[in-house]
Amino acid sequence: MEKMESIVKYDSKPLLKNPVFIEALPGIGNVGKIAGDHFATILKAEKFASLYSMNFPPQVIPDENNVIKMASNELWHARTPAGQDIIFIRGDYQGSTPEGQFILAQDIMEILLSYDVSRIITLGGYGTGQMIKEHHVYGAVSKAELKEELSGYGVEFLPGEPKAGIIGAAGLLIGMGQINGIESFCIMGDTSGYFIDHGSSIGLVKVLGKMFGVEELELEGLETEARKLTELTEKATTPEPESKENLSYFG
Amino acid sequence: MEKMESIVKYDSKPLLKNPVFIEALPGIGNVGKIAGDHFATILKAEKFASLYSMNFPPQVIPDENNVIKMASNELWHARTPAGQDIIFIRGDYQGSTPEGQFILAQDIMEILLSYDVSRIITLGGYGTGQMIKEHHVYGAVSKAELKEELSGYGVEFLPGEPKAGIIGAAGLLIGMGQINGIESFCIMGDTSGYFIDHGSSIGLVKVLGKMFGVEELELEGLETEARKLTELTEKATTPEPESKENLSYFG
Amino acid sequence: MEKMESIVKYDSKPLLKNPVFIEALPGIGNVGKIAGDHFATILKAEKFASLYSMNFPPQVIPDENNVIKMASNELWHARTPAGQDIIFIRGDYQGSTPEGQFILAQDIMEILLSYDVSRIITLGGYGTGQMIKEHHVYGAVSKAELKEELSGYGVEFLPGEPKAGIIGAAGLLIGMGQINGIESFCIMGDTSGYFIDHGSSIGLVKVLGKMFGVEELELEGLETEARKLTELTEKATTPEPESKENLSYFG
Amino acid sequence: MEKMESIVKYDSKPLLKNPVFIEALPGIGNVGKIAGDHFATILKAEKFASLYSMNFPPQVIPDENNVIKMASNELWHARTPAGQDIIFIRGDYQGSTPEGQFILAQDIMEILLSYDVSRIITLGGYGTGQMIKEHHVYGAVSKAELKEELSGYGVEFLPGEPKAGIIGAAGLLIGMGQINGIESFCIMGDTSGYFIDHGSSIGLVKVLGKMFGVEELELEGLETEARKLTELTEKATTPEPESKENLSYFG
């Protein structure tokens, strides 16, 4: 019997006009997943397909009602107030091996090409190894012409030498977009990389809001989570001051 | 030459009417394998096919007569007193990699679909990490409507948050059943996970007995094995009391 | 581009009448390889095909003339004095992963089926973990009826419980022979498993000699190598006796 | 969906007449890559295709302008002053697994066969584990007849026993050339294997220069890099002499 790497099951096949694609899978600090899930939610996105793969963990998870769900990625559809169709890919998994990630990206790309996707946007975290005081959003693009537009949304571009690789779906999907001649870019919120970072994802949501003309971003929930982390890490790293004078030694 | 993941060899092709499928492969405490093998035996099941795979260990085992047997999973057929056809999958192996488990589940699913299988039941152990005084059977279902029926057979459903994943064949086969619209569920006997647990499998056999209207369950052999384990572990964990007073310190 | 697991290159396509197949690849103590290479040599076998595979190490070896040779298995052909065609598989490699071994066995099997092979014989070592004083040849068969014939050639059959698995090509090829209805067996020379064991391979050559009616077995070279190992290991394990009296303590 | 191991994207399809192929991928001391990249540069080679693969790391690298580039190997074309077409394969990656290397070599081979390649030359390092005072170029060939010609270019051939394997693309491509009846050889600069070794690559460039009648080899840059390494390692390994007399002890 022939090996099938992926199984795609459609709940429905929505008619979409030159949709933009947004990748929101788990990654560094889960920054991209949190931002993409939030943006999909405020746009009232609906699931239309599930993608199962031999490259996900071989398991099902029973939910709170003991109804199982197989490891999967899901395709969701939304339309912006301005009428722009968007396809989101969401889920709790990326391929568990390098080869698996490549194959999944190929399978997703094939679906996107069948939908005449007009743009590929991947969301990610930019790990710095240090706590971030003020968050930034950095970009990497399939062609230099995209940078001016992105700068208008507040995306910054790091100067200097070739950067660290963008790995997994966030990298491969814009890479495959590029070689298929589709405008593609990754936007990344900077993050320490040590925590699930809602604060960093807020920056990504704001960029997406400007890009798609969405004004009500409903950021309260993300901000609350972000504050929790800030408080937690400040408590962990701030020494108990013995006196005001001593404090200066710690900056 | 093309890669073939699995080879299926049929001894015969029984005519089966909307069979129910029962998975009884090795897993936690071998609870599912022991229960399924026992239920197949009391129903006088007969082997009708063998499944060989590159995902099993690359070996043959010579038996007591030095006749070899290749690593395989086997399909067995039985009919209940009430006339219900059952297909069992039995064997000593599961796929040796995550990808291999997914491919095997796909191959098995393909066979089941060709038989118009009406239900998929997987048998497993629910590892608790603690010795079990009184065994329970827990369920996970492909759709909520199945829970009432299963409760009638004594299956319980754990409350609360999403549970630990059901891994391997016991998970993947009900997952693939679910995405193919086939009623599917896993029933699991709780077990410490540290031992081969015949005691836990008795609960599964009783549930299967009620489900299929089989009254003579011939549990003596399983009960004898279960008692052996109980005696062994009690000996190992019960301290020699010095006096009645001291005993209370140990609970 | 499609993945090709193996590449078979034919130097010639000999016309063979129901050939017997003999597997002589590396394994425990290299017992099977040494015996098979020797038997092929005394029968003046000729190479007729090479099999290259992604499951061999990705390398070429330059020979003493700096002419390269790619990692491969080779098919050789010989005809016995009695006119029986034999196909040998020889080489320095087995598949480097479990899956690779299965795929190679499938590829080899496909070739054998195309040649209407009448019997599959695999040669191996039976590792005991102990130095062997007097060598034996043990057998494992695809069907019990073969044992009487093999006993006539001096092959012995170990009594009792299921044995340790026969792994790799020596196991998979008789397993695949069995499921294709071809008489298949493995003959194994016992060996410590710690050394390349020419002494053990002599037993296999003698069995092959009786089986195929070959009388001149030209064993001198193998016997010389065997004596070298015996002398080496005796020196290493025999204590210098202080006196005759003390010697008894060492057996 | 079917698994695709490699994706080849052509920028253009140059018309080439019986091109010679030169492999210049990373390897021991990067000797082959440095030499091949240099020779391609002085011949003003142009890229005409990119090869992407599931066997490369699953990532894109943003360049100094934040424009991404997917992990790839590239095909470049040049024509020598004498009118000989050459195809180079260049890049920063080899397949990340043994199987991946074999598959990539097959994919490259298929392209070369479609171009009626007349010769396959692979460039590599010959690791000695010791610092090299005076560099040599060693050869390994698909057939003995090639040695005389190569000797004329200054290539030497190591005497004696079978050599260590030539692994990866440098080995597999001449192996596959050999089994396809194409004249193939590997030339290797000797190198310690501990450093990126520009000095060793100079030898390879000189051999290529003689082979293709290229006189202006523009070696200044390579010689500068080579001197840096020489100075660095001499500093690290030369003891501070206490006096002239003592020095002789160190040779």
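Going by the order they are written in, the chains are A, B, C and D; count residues from 1 in each one.
Definition applied: contacts are C-beta pairs under 8 Å (C-beta built on N, C-alpha and C of every residue); 3 or more make two chains touch, one makes a residue touch a chain.
Remember, predicted model here, so these are calculated numbers, not experimental data.
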Touching subunit C and also subunit D, the following chains: none
Subunit D and subunit A - chains in contact with each: none
Of all other chains, the one whose Cα centre sits farthest from subunit B: D
Same-site or different-site touching of subunit B by its copy subunit C, using the half cut: different
Subunit B and subunit D, separation of their C-alpha mean positions in angstrom: 55
Intercentroid distance (Cα basis), subunit B paired with subunit A, Å: 39
Of all residues in subunit A, the ones touching two or more other chains: 3-4
Chain-chain contacts as defined at top: A-B, A-D, B-C, C-D
Of subunit A, residues touching subunit D in the complex: 3-6, 8, 95, 98-99, 101-103, 105-107, 110, 139-144, 147, 157-163, 165-168, 171-172, 174-176, 178-179, 184, 186
In the complex, subunit B residues that touch subunit C: 1-4, 7, 9, 50, 52-55, 57-71, 96, 100
